[in-house]
Amino acid sequence: MNPVENIVEVTVFTAEMFVVLSPILFLSFGIVLALLLIAWQRSQKMIAVFSQVILVFTLLLSIHLLSGNILSGEGVQITTLLKVDQFSYLSLSLLCLSALAVVSLSGQALKSQIEVHDEYYLLILLVTLGAAILVASDHFASMFLGFELLSISLVGLVGYFREHKYAVEAGFKYLILSATASSFMLLGIAFIYSQTGNLSFAVNSAAMSWSPVPLQLFNSVGILLFFSGIAFKLSLAPFHFWAPDVYEGAPTPITLLMATVSKVAMFTVLIKCCFSQGYYNNEYFIDVIIIVALLSMFVGNTLALKQQNIKRLIAYSSIAHFGYLLIILLISSEQSIDFAWQSALFYLSAYILANISIFTIVLAYEKQLSQNGQERDVRIDDWQSMFWHRRTEAVLLVVSILSLAGIPLTMGFIGKFYLLNQAVISQSWWLVSGLVIGSGIGLAYYLPIIFTVFKPSEKNMLKSHHPKGVLVARPRIFITLLIIISFYLGVFPDSFSQYIM
Amino acid sequence: MMLTFIIFGLLLSGSIAWVTDNKVFAGIKFQAKWVSLLSVLALGSCFLLLVYFSNQNFQQLQLFERVSWISSLNIDYALALDTLSITLIVLTFILAVVCILVSWEEIQEKSGFYYFNLLATFSGVIGVFSAVDMFLFFFFWEVMLIPMTAIIAIWGHENRYFAAIKFFIFTQVSSLLMLVAIIAMAYIHQQQTGVMSFYYQDWLMLDIKIGVAQYLMLGFFIAFAVKLPSVPFHSWLPDAHTQAPTAGSVLLAGILLKTGAYGLIRFVIFLFPQASENFAPIAATLAVISILYGAKMAFAQSDFKRLVAYSSISHMGFVMLAIFSFNEIAYQGAIVTMVAHGLSSAALFSLAGMIYQRIHSRNLNDMGGFWQSAPRMGGFGLAFAAAAFGLPGLANFVGEFLSLVGAFQVFPIMVVFASLGLIGSAIYGMLLFQKTFQGVPLKQVQDLSVREFFICGSLLGLLVVLGFYPNIILGYAFGVFA
Amino acid sequence: MSLLASLPLYPLLSFLILISFGKRLSWVMASWVSVGAMGAAAFCSMFLVNQLSTSDTSVITAHMWQWFSIGSAKVNVSFYLDALSAVMILVVTGVGFLIHLFAAIYMKSDENFTRFMAYMNLFIVAMLVLVLADNLVLLYLGWEGVGLCSFLLIGFWYQEKSNVLAARKAFIVTRIGDTAMVIGLFLLFKSLASLNIAEINQLAQTTISFTSNSMNAAHSDAYWAALLLLGGAVGKSAQLPLQTWLPDAMAGPTPVSALIHAATMVTAGVYLIARMNGVFLMAPEVMNYVAWLGGITLLIAGVAALAQNDIKRVLAYSTMSQIGYMMLALGAGAWSAGVFHLMTHAFFKALLFLTAGAVILALHHQQDIFKMGGLLKRLPVEATLFLVGLACLIALPGTSGFFSKEAIIASLWSSPTAGPSLWWCAILGALLTSIYSCRLFFLAFLGKARFPENLVISDHIETNKLLRGALFILALLSLFGGLVTVDLSSLFSSYKPSVVSSIDSPSWLHIVAIATPFIGIIFSWFYYRRYRIVTDEPLTASHSAWIVFCRNGLGFDTLYSTLLIKPYCFVAKLNKNDLFDQILMLIAWYVRIWRDILSVSQSGSLRWFAAAFGLSLVGLICVVTL
Amino acid sequence: MTEIPLTHVLILSSLLFIIGFVGVVVRKNTLFMLMSLEVMLNAVGVAFIGAGSVWQEADGQIMFMLVLTLAAAEIAVGLALLIRMQRRYRTLNIDVLNQMKG
C-alpha cells in the first residue's frame, strides 16, 4: 500500500453528504446560536427551552434519516474522517434522547442556586456534539476529536456545583484520570499509525501481517493501549476505579449524562472500530476482551452488593452491564455483524431507558430531601414503602430494576437474550458462564431494592417523605409513558428491531 | 384463541381484582377475593369445556395457537396441550380455588395486590404447561417467578426477604442455564436445517451427537432439578415454604414443583432420549438420595411447614425415580404421584395455615393435644398425614406403588433403598401428627370453621376418590408414552 | 351386590355413622350400632361359610371394580372366599362380635366412646378386606388399614405420653415389616408379572425362572420373595426380629388387646404365609427359617412371660409364644395344623383377655398381679373362666388347645423343613407355657388378698347377663372347639419337597407330648408354693438383674434403641440445618468476602487510581503475551 | 543525515511517556501532576511525528497539532479546578481529595 496514491484523491463535498450530515451540522449550528442567545438575553428558562428545541430537532432529523432509505446498506462515507450508517444514526438518536432527558430533568436541580446556569446547558450540548462526532467517526483523528470534546466538557459539568462537598474531588479525579486515559489512547493510536501508516478505520489492518515480529508487537501493544483508553471511558473492570467516585460526586443529571451519552457513544465507536478493523480475528485482542469482560462482570456485580448509595450502585451496575456488552465484540464471522449491531443497540436502548427512569425517581427524591433540609444523596432505604404511597413511580422503578436485572416482561431480558444468543453462537463458554453467574450475583442487589420499595412503611416515616410529582412539567404522563415503552418493547421487541433492519 | 383467553383472562381478572378491591360499583361492594374466586371458577370451567369440546386425540400434542412473535429469531407464540399438561392444568385450577379459599381471612391488608399476584402466578403456570415454543416456555417460566416472589416477600413471615431472594436466585440462575441450552439447541437446528427455530416439534426431529446432547440435557436437567427439588439444589424449598403465607406454600408445593417434573418429562426425557438414558443411573441415585435425605431431614425439623417441605422433597424424589426408569408403569405412577402429592401437600399446608392462624406459631413444640379441643381438625390431620406416608386407599399410595413397581423392573437395588423412604415417611408422618394432635393438650384450639371444613373435606374427598379409583387420571393419561 | 361383597360394608357403615354423628350419639345408640353391625357381619359370615360348604367349586368370588392396572396385570378390588379365609372370617367376625359386646360395657364410662367403637369397627373392616382380598395389593391395603387402626386404638388415651409412644412404636415397627412385604410384592410382580394370589401360587410352581437360581444370584427369586413376605409377616405377627412392639401395645384398652393383639391382627402374618404357601413351598430354606423363627420366639416369649408382673403383659408374651407355635407349624409344612391352632388360640386367648379385663375393671384398673391375690373367693366366675382359658393354653387333654398343639407337635419330628431339635423346642415351650400359666393363676387368684381391704369389688359379670353369656360362649368354644375338625388339607397343595427323606417319628413321641403340661403343673405347684398359700409375709416382684432383663423382653428394646434409634436421631439432629444448604450459603459468603476485598481497593485516592490504571495495563499485556 | 529507525523513536516516546506517567502517580502536588500530564502528551506527540515521517504523510503532524490543542484545553480546565481546590482545601496536596470511599 504505497502512501503516494491517496493524496491525489480529491474529496468532493456532495449534496447527499450534506443531507446525511445534517443532524450533526444542525447541532453545532444550534450551539453557536445558543452562544449568541446568551449574549443577547441571559435567562435560565430561555436557554433551557432553546437547548431542548435543538435536541428535539436533531432527534427528528436523525429519525427522519433513519426511516428514509438514504442510509441503506453500507452507509455514506463523508471524507475519510466520517462514515455514517443506520446503526450510527440509531445510536445518535439514542444519544439525543438521553441528552433531552438530562436537560429536561436538570431544570429542577438548578433552581436551588442563585445565578443563571446558561453555560450548564451549553456544556451539555457540547457533550452531545462530541458524542455525535464519535458515533459518526471512521478515522482515528475524528474519534480523538469527539473523545476530547466529550471528556473535557464533562469535566466542566462534573465539578459544576461549587458548593457540593465532593465537587472538586470528583472534578479533579475525572480530569486527571481521563487525561491519562486519553494519552494512553493516543500513544496506542501512534503505535498503530506507526505500523499501519493509516489512521482510518476503513483500511483493513491485514496489511500489518508482513511487518517483522518486533514491529508487530508494537501494533498489538498499540491496539491494547487504544482499547485501554476506551475501556477507561466505559469504566470496564481493571480501569473502573474512577466511576463510583465521579458518579457520586457529580450532580445527578450529569451522572445520568455520563452513564448514558458518553458510554453509548464510546461503545458505538468501539464496535465500529473493531468490526471495520477486523480486530475480532486477532487472538490477542480476543483474550483481552474476554479477560476484561469477565473481570468487569465479576467486579461490577460484587462491588454493588452491599451498596446503599444509589448513584454508586448505578456506577457499579453499569460496569457489569458493559462487561456483558463486550460479548458483542467476539463475533465469529463477517455476516453476523448485522445481528451483533442489532443486539448491541437493543441492549444499549434497554440500558438507557432503565437508567433514565431510575434517575427521574432519584432526582424527584433528591428534590424532596433538599426541601426537607437534608443535603445528602438518595439512599435505598429512602425508597421504603414507595409502592404504597407513590404507586406509578414505584412501578416505573420496579420495571427498570427488573430490566437491569434481565427478568422477562422487560426490555432488559430481551437484550440479555440477544447477548446470550451472540455468546452461544460464538461459543465463548467462559463469557456465557460469566453472564450467568454475573446475573445471579446481580439479583442479590437488585432484589433488595424491589423489596424495600414494597416494604410496609414504619410509623416514623411521614407521608411527605415521598415527593408529590416528578420534575417534568406533567409528571404522571411522562412516567406512564416510560412504563408503557419498557413493557411494550419487552414483550414485542419486533417493533424496535424493524427500525434496525 | 381460547387458551390465550384463559391465560390472559386470569391476568386480567387479577388486575380487576386489584383495582376494584373494596370499592363500590353500581351498588355492589367488590371484594378482591370474591372477584378472583369467581374468575378462577369461570376460567376453570371454560378450560374444561375447551378440552371437552375440542375432542382431539390428546395422546399427542394438539396445537392450539401459533402466531409469530419475534420474527428476527423466528420465535413464535405457540400453545399446545396433551394429556400430561391437561391433567396438570386441571390440578392447577383445583389448587387455585384452594389457595383463594385458604387465604380468605388470612390476608387482610393490601389484599387486592395479593390476589393480583396469585392470579398472575396461575396464568404463568398455565402458560408453562401449555407453551410449546421453547422461548415462550422460558418466558412463562420466569414470569411465574415474579408474582410468586412478591407473594413470599410481601405477605410472608419473619425473615421473608431472605427466603424470597434465595428462591428467586436459585431458580433464576438455573433457568439461565436452561436458556443457554435452548439457544444452543436453536443454533444446532439452524446448522442442520438452515433456519433457527425454537419450536418443540422441530426439535424432536433433530438428531444431535451424544456428546453435545449430554451437555444440553444437563442444562435442562439442572433447571428442572432445582425446581423439582432434588437434593443438591433443594435448600431453597424449606426456607421459601416456612416464610411464605399459607396460600403461597400451597401454590409453591402444589403447582410450582410440578412444573419441574413436567419439564423433566417433556424437555429432558422426550427431547434427549439417548442422553437421558445414559444419565438415568445418576438421576436415579439422586432421586433415591433426595427420598432418604428428605425423610431424614423432615424427621429432624421442629417447624411444621419446614417438615412438610422436606416431605415434598422426599415425595418428588419418587417422581424423579419413576421418570428416569423409562418404564411405562413407573411413568403412570409419576403422573399419579404428582397429582396426589399436589393435593396432599396442599392439604397439609392449609392445615398448617389454619393452625398458624389459631396459635400464631409453626413450632411443633408449642402444639400438642389439639385433638381434644378440635376433633374434626384432628381427623383431617390424621388423614392428610396418612396420605403423606402413603397409606393405601389414598391417592399417594397408588402413585408410589406404581412408580416403585415400574422402577423395580429397571433399578431393583435403588428401589429397595427408596422403599426405606417409606419407613422414613411413616416416621415423620407419625411425628407430625402426634406432636400436633396427640399428647397433653397445651392450648384449647377452636375447631374448623365451615370454610376450612369445606377445603379439607374436598381435598380429602379427592384423595380418597383418586385412591380408590385412580383410573380417572390413568385412563386419561395412559398411552402418553406410547 | 353379592353377600360376600357386602360383608365388610356393615362395619364400614357403622364406622361412618359413628364418625359423622360422633358426640351426638348416646351410649345406647352407639353400642347398638356398632355391636349390631358386628352381629350382622358374624351372621353374614356364618351364612357364607355354609353356602361355601354346599357350593361345588369350594370358592366364592365377588368382583367390585378395577382398582388400577400395572402394565397388563389387572389389580382389582375383588374378594375371594375359600376354606382358609372362611376360617379367618369366622374367627374375625365371631370373636370380634363377642369382644365388641364386652367392649360396649367395658368402655361405657369413657367420654369418647363412639370414637372407640368407630375405630374397632374400622379395624374389623380392614381385617375383613385383608382376609378376603384376592390380590396382594388389596391385601396390602387391609394390612396397612389394620396397622393404622392398631395405632389409633393403642394410642386411644393419647393424653398420656407413654400411650402415644407405644402407638408410634407399634406403627413404625409394623411399618418396617410392611416395607419388606412391599418389596416382596415388587419382586413377585417382576418375576411372575401378576399380583393375583391364586395366580401367584399356581405360577410359582410352574415358572422355572422363579424357582431356579439365576446364573450369578446366590438364591432364586422364590427365596427372596418368600423371605420378604416372611419379613412382612414377622412385623405384623410380632415374631423375632420385630416383636418388641407387642408388649408395649398393652397400653391400649383391654378389649383392644383382646381383639387386635390376641385374636385377629397378630394372626395376619400367619394367614399371609398360609395363603402364599405356593411361594414358600418353592423355597424350602425359607420355610426352615420360618420354623426356626417360630421356635426361638416361642422360647424367648415363654422365658419373658415368666418374669412379668402385669397380667396383660403375661398374656401378650403368651400370645407371642402361641404364634411362634403357629409359625413353627407353617415352617414345618403342617399348614392345616397351624391354621387350626390359630382358630383355637383366638378363642381361648380372647377368653383370657376378656376375663383379665373384667378382673382389672373389678379392681379399679389394677393390672399388677402382685397387688391381686385370693380372688378365687371374691370373683369365682372370673376365676373359673380364667382357669378354663389357661387349661386350653396349657393344652390339657380334651381342650381345643390340646388338639391343635398336639397336631403341630406331632408333625414336627418328621417334617423335612423342621426336625427333632425343633420338636424339643416345642416341648420345652409347652413346659414353659404351663409354668407361667400356673404362676399367673396362683398369683392372681390364690394366696392372700394383697389389694386394700376397703376396695369395693364391682363384679360386672354378675351384674350383666349379656356379658356373662358372651364369656360362656367363648368358654364353650375354647373347650370344645377342638372337636370341630376343619380339614384344610385339600386347600394346600400336597407338594412335599422330597429333598430330605422323612425320618419316621419314634413311638414315644405322643406320650412325652401329653405328659409335659402335667410335669409343668406339678413343678410350679411346688416351686411357687409361696404364691398360692395364704401367708401374711409381703410378696413383691423380685428385682434380680436376670428377672429384670427378662421382664423387658430379653434386652431387645435396648438393643434396637442403641443400634437404630439413637444413631438415627443423632444423625438427624447433627445435620439439623441441612449440609447442602451450608455449602450453598458458603458460596454467598465467598462472594461477600470478595466484595469486602474489592471495596478496600476503592480507596478513593486519585494517585492509587492512576497507578491501578498503569498496573492493570501492564498486567493485561503480560497475561496476553504469555 | 542518516535515517533514524522508527523503533528508536517509538522507544524514546514510550520512555518519555513512562516518565510522565510516573510523575502523575508519584507527585503529591497537583500542579506537578498537571505538568507530568503535559509530559505524557508531548511524548505522544513525538511518537506521532516519528510515525508521520516514516510514512511521509502529514497525518502525524496534524495529529500532533490536535494533541497540542487538547493539552492546552485540559490544562486550562485543570488550573481552574486547581484554584477552586486551593480556595476550598487551602492546600494543593492531592491526597486531601479522598473523602469518597467504598
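A, B, C and D are the chain letters, set down in written order, and residue numbers restart from 1 in every chain.
Methods note: a contact is a pair of C-beta atoms (placed from the backbone, for glycine too) under 8 Å apart; a residue touches a chain by one contact, two chains touch by 3 or more.
Note that the coordinates shown come from a computational prediction; the quantities given were computed from them, not determined experimentally.
Taking the mean of each chain's C-alpha atoms, the chain closest to the overall C-alpha centroid is B. If you average the CA atoms of chain A and of chain D, the two centres end up 26 Å from each other. With each centre defined as the average position of its C-alpha atoms, the distance from chain B to chain C rounds to 39 Å.
Taking each chain's centre as the mean of its C-alpha atoms, chain C lies 96 Å from chain D. Rounded to whole angstrom units, the spacing between the C-alpha centres of chain B and chain D is 65.
Among the residues of chain D, those touching two or more other chains are numbered 21, 24, 94, 97-100, 102. Counting partner chains per residue, chain C shows two or more touched chains at residues 599, 602, 604, 606, 610. Touching of two or more other chains is recorded for no residue of chain B. Going by the touch rule set out above, the chain pairs that meet are A-B, A-C, A-D, B-C, C-D. Within the complex, the chain C residues that touch chain B are 19, 22, 65-71, 77, 112, 115, 137, 140-141, 144-145, 148, 151-152, 155, 158-159, 161, 164, 167-168, 171-172, 175-176, 178-179, 182-183, 185-187, 189-190, 568, 571-573, 575-576, 578, 580-581, 584.
Of all residues in chain D, only 21, 24-26, 94-95, 97-102 touch chain C in the complex they form. Per the touch definition, chain C reaches chain A in the complex via residues 588, 591-592, 594-595, 598-599, 601-602, 604, 606, 608-610, 612-613, 616-617, 619-621, 623-625.
Residues 342, 388, 402, 407-409, 413-414, 417, 420-421, 424-425, 432, 435-437, 439-440, 443-444, 447-448, 450-451, 454, 456, 492-494, 497, 501 of chain A touch chain B in their complex.
Those residues of chain B that touch chain C in the shared complex are 231-232, 234-235, 238, 296-297, 299-301, 328-329, 369, 371-372, 375, 379, 382, 386, 389, 391-393, 397-398, 401-402, 404-406, 408-409, 412, 415-416, 419-420, 422-423, 426-427, 430-431, 434, 437-441, 468-471, 474.
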